[in-house]
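Would you mind keeping the following structure in view while I ask a few things?
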Amino acid sequence: MSEIVQSEPFVMNIGPQHPSTHGVFRVKATVDGERVIDAEMVIGYLHRSMEKLAEERTYTQNIPFTDRTDYLSSMSNNLGYCLAVEKLAGIEVPPRGQAIRVIMAELQRLASHCMGAGAFANDTGAWQTPIMWFMREREKILDIFEMTSGARLTCNYMRIGGVAFELPEGFEEEVRALIGPLRQTIADGEGLLSGNEIFLARARNVAVIPPDMAVNASLSGPMLRGSGVAWDIRKADPYCGYEQYDFDIPIGYQGDAYDRFIVRLEEMRQSLRIVEQALDGLPGGPHSTEVPLALRPPAGEAYARIESPRGELGYYLVSDEGPSPHRFHIRPPSLINLSVLKEMTVGGSIADAIVALGSIDIVVGEIDR
Amino acid sequence: MPRVFARDFTNGWDVLHEYGHIAILVIIALIFPAGAIVQSWAFKFVNIRPEVPSDPVKEDTYECGMVTRGSALTQFNFRFYYVALLFLLFDVEIVFLFPWAVVFEDAGLVGLGKIAIFVGTFVVGGLYAWRKRALEYA
Amino acid sequence: MDNLATDHWYDFRDLANLSRVILEGIDKVAPYELAYIVAPIIGFVAAFVIFVLPSQLFVGVYGERRIIGRIQSRRGPNRVGPFGLLQPVADALKLLQKEALTPKVADRTLMWAAPVFFVAPAVLLFAVIPFGPRMVFADVPAGLIFFIAVSGLPVLAAFIAGWSSNNKYSLYGAMRIVAMSVSYEVPLVLMLLCVVVFTNTMSLPGIVWFQKDVDLWLIFMQPLAFVVYFIAVSAELNRTPTDIAEAESEIVAGYLTEYSGMKWGLFYGMDIGYALAASAFAATIFLGGWSMWGLEQWVPPWVIFIAKTHLFYMVFIWTRGTLPRLRIDQLMGFAWKFLLPLAVVNLFLVSLERLWWSESDLGGGIVFVIAAINVPVSAVAVYLWARFLGYKPERVPTRPRLAREAGGYVPLEEPVIGGGK
Amino acid sequence: MTRWWTGEELGEAAERLVPGSVSHTTETACVLKAEHALEALRALRDDPDTNFQHLSNLCGVDQWDRFEVVYHLQSLERNQMACAKVEAHDRENASVASVVDIWQGAWIQESETYDLFGIEFEGHPNLQRILLWDGYPGHPLRKDFLAMPGGLQPGLNEFAGTSAKPEPPVRPVT
């Protein structure tokens, strides 16, 4: 009957100022009643043209830019960029620097997934409770970042050739004190949501991405793993000595929003395992190699990628032997994960569209750059 | 048997007497929120409430930060009509059931049977609606 | 009523004594009409100043925020006054001072009238609720019908609010709230009909007396009705598992999107008022009202009643703090496909039990037999009907699979079914 | 460990699959001829040896005399990665074939490249500016688009051999 009798199609803006777009981002949804019949994303509200600006600054000066792309995981962004420069210039990082980088990147993944899982629960309507629990733990991680780098959100801690400073006094105790409560919080969040019938009804079989489509659409990170594709750059292409750590890749079953959520929770557990191992085997020695401030890498190009909390974060640098990169390109995982939004939302209801959007775990700073 | 009413309505107390109380309460109930709104409005004369001059952006409807285009008062989805019809069907039925519920004991098993037939017709109607997928909203 | 309270005015176990003394005094010096008009004002003052407003402010606003704060492991309001107790007062003052915007394209008259129409029924709802043995504002014989009828009115006001705002999100909120309350009205009223069949009265004091006389609360005799009432009423009240009409993550604030200042404050405050009224109604119908197996002789019955109301309200707060929100089609399907058939079945079950009661010679003890029958029968009925509708107690894996090595798609050993019902 | 293909390796594979498709190879990348690029990339995706099913990254590079569109291809099953490039020599009407038919994930990156470089992607289903607004003058990531009004930061960089016409700084104010 609804095929015959249709109401007027109705353009409904979800965003840019909307409680669940996680930033200034807009979905222009055409709806018929409660059903979304077309969805178009509009981005660019936060565009700062970092790629252009970076072409006029030195390699070291560009590190703070990377903080501000994905502001929820600045450590990972620093790391990806520094890896790209090191690959371009052929710089080796001492083992201690690598271990510190691993600890920081994994703590950052924990902090980011705390936010992602909590915000997703918020989008399904679990009114603030899970996000508050996760934010409580995230605050502790940010405290550790603050004592290490002096900043909570945009840390700017990684340097080309290592990290900026030596770890502070009492760092290891702080991190070890964090692990137990965080495990408990993950278990709490899982207990509150994973088996909850309402949560299952909202997240299961919603926004399904089959694995072949996930690969074809260049998805990465939890979006790809949620579809059952075992792909983690830490395993596939280890950097910073990830091959020494023992961890597993969590993969989902059918690629729905629920799978992405449980994959994120399990990734947090695995990250805790890595942090523990890295703390146990923290080597001595220098934390960084000496790198000239006005670095002039040889002409060439390098693409380095890491497994950021949102997926494959790649930096593509082209050098023309100048002090600043000839081309500085970020491969933003959020943006490419977002490109399947239409496939995920069309045909579902408005509420499903919100859940689909929440399950991508976007950061608009990274999408627009 | 339990007693039926807290108060004996046959003994001088009229039911309308009680509804009269409710009528007075209706007036109070309307004054109460209207007073709050009027008070809030009147605060601007004693400079407690700010009164910023209006501009087009402020008086626009909220559209997530975009400029609103078109009216929101459009035709809504047809499904809604089904729900309204079903509600009418069942609510009218229930209105007829309430008198029976009060005289239930006098009606006895025979009354129950009659009511079962009555409800049965609506159950058939409901099943038909279910079959026709009228119960699926959105 | 004999053993409950004396008739002395100072017997605060029954505040009706005091009001009777006052009214008799007025009646001696003034015409009867004045006493008649003064009586509801006393009732209003007693019900609202003593019970509803304090409950609403300090349990509904302050308590809710504190308890949800506790659930969310944060503190909640703790700055204004001792323990933050004056926070609701501060909120109310702030709302009074705020400028209330009205969009240009909105229907001004209706938009301003909607909060008034929204609040007025909330006041009326308390008129028929018995706070104590004689403490009822208006003891109408069809109090239950009155309650149902009046509690249907705020939906209309909410719809007016949403429609007159001329905003897309408001329109969605308005349509959703009407669709949902219309759907949940049917099982709700059918279940209350079961209660009427069982107790044979539509007067709320009568229902409380019934429960007192048989020494058993209706929640045990009518567990299914209680569950359905809870679900339906939380749907009608927009409490969290079902707050789709103002789902902030989907349609911003639903029908309240364009409201601000005191207009919004009335909506917000009376949402709590309705929740309180629904809790009071549930305490009356299902939890024995002011009766407590003889305890009401020692403790003032209205204290028992308030305690029960707040107990029920705590469940609302609890669900609000923990549960995610359902989707509208799931909610509507749940009402029509799940609750309504159960209500019809329950109606006939109750009718037969009631007939058996009037025929048999077991006396008052039969209610315990009925309770012993109804509780398992309800559980089985819910289970069977859920199975019939295709719900399987599922084994959805709550942990993802783990892979040791990266290397492309890992096929499923067996398809995972279930969930998303 | 991911096997990173050198340009020669990819060139051999592309030449084997689609003869005559390789223009030249560098140390890291294989430059495909524009007219065969689509065919070659599709073949690289479908061939079981190359199996580049995942388009990791797509971006443009302005090399002053030409635009390069860089494709980072990877295979998840075989865990290998390679870099292919397609060049567009016409600065004014730069155009390459769109690979959206091959990799769905390319569409948003191609849109972005179009937006910031002005490279047309033929066959793209919905090619429009995504980060900047319609009517924005110029394409910011081109080297002749100056980010700073008045030119470069002093002493930092000299764009040796620039062919850029010093146009007035483009700073639209909205």
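Should a chain be cited, it is by its letter among A, B, C and D, assigned in written order, with residues numbered from 1 in that chain.
Following the convention adopted for this analysis, a contact is a pair of C-beta atoms (placed from the backbone, for glycine too) under 8 Å apart; a residue touches a chain by one contact, two chains touch by 3 or more.
Bear in mind that the values here come from a model prediction, so they are computed numbers and not experimental data.
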Interface ranked first by C-beta contact pairs: B-C
Central chain of the complex, centres being mean CA coordinates: A
Centre-of-Cα separation between chain C and chain B, whole angstrom: 14
Approximate Å spacing (C-alpha centroids) for the pair chain A, chain C: 43
Chain A and chain B: spacing of chain centres that average the CA atoms, whole Å: 47
Geometric centre distance via CA averages, chain D-chain C, whole Å: 62
Sequence positions of chain D contacting 2 or more other chains: 76, 79
Where chain A touches two or more other chains at once, by residue number: 10, 18, 34, 215, 229, 231, 236, 349
Interface hub residues of chain B, defined as touching at least two other chains: 63-64, 74, 76-77, 80, 137-138
Graph class of chain-chain contacts, one of line, ring, star, complete, other: other
Which chain pairs touch, all of them: A-B, A-C, A-D, B-C, C-D
Residues of chain B that touch chain A when the two form their complex: 63-66, 69-70, 74-80, 132-133, 137-138
Touching residues (chain side chain A, partner chain D) in the complex: 43-44, 47, 49, 51-53, 55-58, 213, 215-219, 229, 231, 236-238, 300-303, 305, 312, 314, 316, 318, 322-324, 326-327, 329, 331, 335-336, 338-340, 368
For the chain D and chain C complex, residues of the former touching the latter: 76-77, 79
Residue ranges of chain C touching chain A (in the complex, touch as defined): 68, 71-74, 168-169, 172, 240-241, 243-244, 247-252, 320-330, 394, 396-412, 416, 418-421
Parts of chain C lying in touch with chain B, wherever the complex brings them together: 36-37, 39-41, 43-44, 95-106, 112, 115-116, 118-124, 127, 130, 133-134, 136-141, 145-146, 163, 165-171, 175, 178-179, 182-183, 185-186, 189-190, 193, 196-197, 199-203, 205-206, 208-210, 213-214, 252, 257-258, 261-263, 265-266, 270, 328-329, 332-333, 336-337, 340, 344, 347-348, 351-352, 354-355, 358
